[in-house]
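The letters A, B, C and D name the chains in turn, as written, and every chain counts its residues from 1.
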Amino acid sequence: MDLRAVFAPIPTPFDRDQQLDLGRLGAACARWAASPLGGLVVLGSTGEAALLDDDDADRVIAFTRDRWPAGRPFIVGTGRESTTATIRATRRAAALGADAVLVRTPGFYKAQMTADAFVRHYTAVADDAAVPVLLYNFTAVTGVNLPPAAVSKLSSHPNIVGVKESSGDIAQMTDLVAGTPDDFSVLAGSATTFYASLCVGATGGILALACVLPDACVRLFELTRSGQHAQAAALQHRLVPVAKLVGTLHGVPGLKAALQLTGCDAGLPRSPLAPVSEAAMASLREALVSFEEVALV
Amino acid sequence: MDLRAVFAPIPTPFDRDQQLDLGRLGAACARWAASPLGGLVVLGSTGEAALLDDDDADRVIAFTRDRWPAGRPFIVGTGRESTTATIRATRRAAALGADAVLVRTPGFYKAQMTADAFVRHYTAVADDAAVPVLLYNFTAVTGVNLPPAAVSKLSSHPNIVGVKESSGDIAQMTDLVAGTPDDFSVLAGSATTFYASLCVGATGGILALACVLPDACVRLFELTRSGQHAQAAALQHRLVPVAKLVGTLHGVPGLKAALQLTGCDAGLPRSPLAPVSEAAMASLREALVSFEEVALV
Amino acid sequence: MDLRAVFAPIPTPFDRDQQLDLGRLGAACARWAASPLGGLVVLGSTGEAALLDDDDADRVIAFTRDRWPAGRPFIVGTGRESTTATIRATRRAAALGADAVLVRTPGFYKAQMTADAFVRHYTAVADDAAVPVLLYNFTAVTGVNLPPAAVSKLSSHPNIVGVKESSGDIAQMTDLVAGTPDDFSVLAGSATTFYASLCVGATGGILALACVLPDACVRLFELTRSGQHAQAAALQHRLVPVAKLVGTLHGVPGLKAALQLTGCDAGLPRSPLAPVSEAAMASLREALVSFEEVALV
Amino acid sequence: MDLRAVFAPIPTPFDRDQQLDLGRLGAACARWAASPLGGLVVLGSTGEAALLDDDDADRVIAFTRDRWPAGRPFIVGTGRESTTATIRATRRAAALGADAVLVRTPGFYKAQMTADAFVRHYTAVADDAAVPVLLYNFTAVTGVNLPPAAVSKLSSHPNIVGVKESSGDIAQMTDLVAGTPDDFSVLAGSATTFYASLCVGATGGILALACVLPDACVRLFELTRSGQHAQAAALQHRLVPVAKLVGTLHGVPGLKAALQLTGCDAGLPRSPLAPVSEAAMASLREALVSFEEVALV
């Protein structure tokens, strides 16, 4: 399984009644399959996994697995707050065809989430998992940080194959690369610093932006890998405005709005998330037009 | 239903296999029922609700409801990240005998959790709920703040009867009291500032400390209500060291350890939580001995 | 010297050329001298001390000392980033007639400002000072916290007589009171939590709000001291809106604007501070009108 | 003046009596002059400028200017909290031979330090300055952030020639490069992310690490400029451990200790700063030994 690639962490479409909308999901999957994306992640933060119950989650996994070409990695987010719930979700994902699982840190009991607690949690999950495990650190959402020293320790586990780091903190990214073996995947989760992450040794990315602009994200990856740094840096600069709008600024609703503008209907967000305002929609349209490489509907 | 009282947000006991331990829960309930506590909260943050699945949660509700005297409020935590999941959990809790529900704010998608999002979320939950709803703000855990202006707006909903504020921020507590009707309950969630909260108008408290020291917490409440401020302030000062250890410092594992020291076996925490260290246990023992009013085993 | 009182930390007036405006300072002093204020603080944060050079500072001290009645404490802010500069400023203040000095923590080299560093710094300052020293913790401005354990240690120094705590954190205020001798002054610096601070044992306050509403601030203090808690809590609630506007929200420019509205011309702020906007001025006017007890010009 | 270079922000030596130690400063300057450093910065954060009075500052400027070769930029830190004090310090520095000044943001009155306030402040300083002005953003120390939009606006001022950004936030660095003209200097202030900063377009660096390891820092700069990315990334990884110890972890005292270990006596820090502990000294020694390229005494 080649994780040296750009992955799209896809959103989960809902209809006007807040129900799963598998029809829209199918159409969107066809589009991503036709793109140069290295692989797909379902049920990540971008997939509103925190807003789904287990039955919905299983339906999303099974449905998407069927529509995604074998040979390109299909990764499923299975992080839960408790270790046992994470293990159970990982078992179901493996049974439904996941090639690997992406496990975000628990974060509810922040003061108790020490490096030791993370090592115990991930070791238990990886010991049980039938597929490879990717660690996942997303401090802005969880309020806790998975320290590079803990990742370094966990990287020697035979069933832990990589980490997704979403902070955009390049010093920490540098530490992750330095503290793990060469065949351990370090995947960037922040599109605004994707090029810099690759420079310091990240091996790929899982980028919400790649749902909207898969060709450009893959091109940025390839330019950097082939040493065309000037072109890579220039492309990164051009991608930043869109990356911000579908990232920190408008989050999942911003991503769904941007997809809609490009003709890919990813449905509505689930409450308490709500569709973006008219003003946000206008700024998304403007940023996409300025980027020039994508046709709007 | 009288919410002008001190409530204990009880922990959920687990056995050595990480399973629910209803036997231990039953014994502990008998102890709390024999105390002067005004009421009980199950499945709050202290109840490790974030680490339970729905079946476990239902078992805890039904089991505890049976063992708690009618006439003293029995409150169930039903907050989930999605609005629909919160509504479903609230329905189950009401069906199982909850007198009211305590609904913590969603907090995963922090940047999108605006005052408007909170108002929509809580309005939908309260519109559907068969029992009264208490709002719940716990910034240290959720990473978001429920602004007093949103609470003020929600306080006019006929089915929203109060708020639990756990920040210990007395300026915000003052704003909550000032911005809500006199019959709206404002319950303190931080034991280190319980007396000050009552001074500025809080109507009661839901305090982890009250699981360990129910008599002292109720006495602090009564001293303040009857205007014996000097004695109340002195008691608050004496309670602070224990309150810190079972609060921020050692959290749920600290609370379970303190209960064990006082002869009330509340079982083990569920992973990724782990029992406290020997050093923490020693500091808990010392603080309880210094408080003098409780017999240790 | 009686520090069980309400002090006004007065602003420093500047004219349109950014120069010290002693004329306006004199008129304002007459007004404060005619009020029931327990004492005056010059060259605190509110006094824009950080924007003054030493010559200006000396002129402010000498001028105000002359206009302030002996017998009511006259306190001078002398905190600097280096220990030697703080000692020199303290010597000058003592020579110019200060009854005590208020020394905010250094905060530039945040990572190095440990409890030990604070103890060394304040001990050196107090050893040299010819007048009593008050510690001063203002985390929102300095970015560092003076821990209660350090204050406790310093409270045994014969020349350190108290602390001003401006965080509004009532748990920390409680710790300060519990950790220091009964004759050690613990002065609140946050007007929105002044009543709660007094409840948990603060012995007085140094409040920017007291520059604008000295009578009301002193009344709140006296009501609490005489055990009239209901009236005190009610007055605190009414003071909050004005306190916020001249505190966190609009800072020193807000305070100068509020003074101007009440007929006390405290001049302009010094750049980079700038006068408040028209909108801020309108909200200040509205809050003062709502408070009802003060005549506007 | 060529700012496309690596600059050392040199420390200010003090003797055992806390006095300026110009003898030690002279010896150290000779060492830096013999290195490939592009230029020198005196009286920055690393120079303990916040702990010096104006007379000391002037002596440091004059003394160092004399010992630093013309033709290699000599930059002086002149940031103060007030606009007028900053202007006065800038005049003195220019008169004493500064080639440019580095002006950190004021930060005491945080809530009032809006983008507009920064634009007004820097415009006033640059309008008056006889030498070019560099903006300086160091959020970890000042507690305020100079937003890229403000830098973009200020970059059109004919006398503002660059910015030093010390946050290590590569997304912000990218924004600074994108929002300013090509001939505007964007200088990195964080050594742990120096290579990544150069990748996204930074034009050079002002690095405390460059005081200790000038050759290696200049080599990292040249490797990146000449497109030897693999070697540059590898060198960056090797530099991180030392960079952390003389940066965030031990600050100015750490830098002085590291210099001492390499045979360059930069004296003692001034109180409230204190020399590093034995344990810190040992970790510095170990990191320098591991780096291999520097001889220890």
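Rule of thumb we're sticking to: a contact is a pair of C-beta atoms (placed from the backbone, for glycine too) under 8 Å apart; a residue touches a chain by one contact, two chains touch by 3 or more.
Note that the coordinates shown come from a computational prediction; the quantities given were computed from them, not determined experimentally.
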item	value
Mutual neighbours - chains that touch subunit B and subunit C alike	none
Chains contacting each of subunit A and subunit D, listed by label	none
Centre-of-Cα separation between subunit D and subunit B, whole angstrom	50
Geometric centre distance via CA averages, subunit B-subunit A, whole Å	35
Interface hub residues of subunit A, defined as touching at least two other chains	none
Touching residues (chain side subunit A, partner subunit B) in the complex	18, 45, 50-53, 81-85, 106, 108-113, 116-118, 120-121, 124, 140-141, 143, 248-253, 270-274
Complex contacts: residues of subunit B adjacent to subunit C	168-171, 174-175, 177-178, 190, 192-193, 195-196, 199-201, 227, 229, 233, 236-237, 240
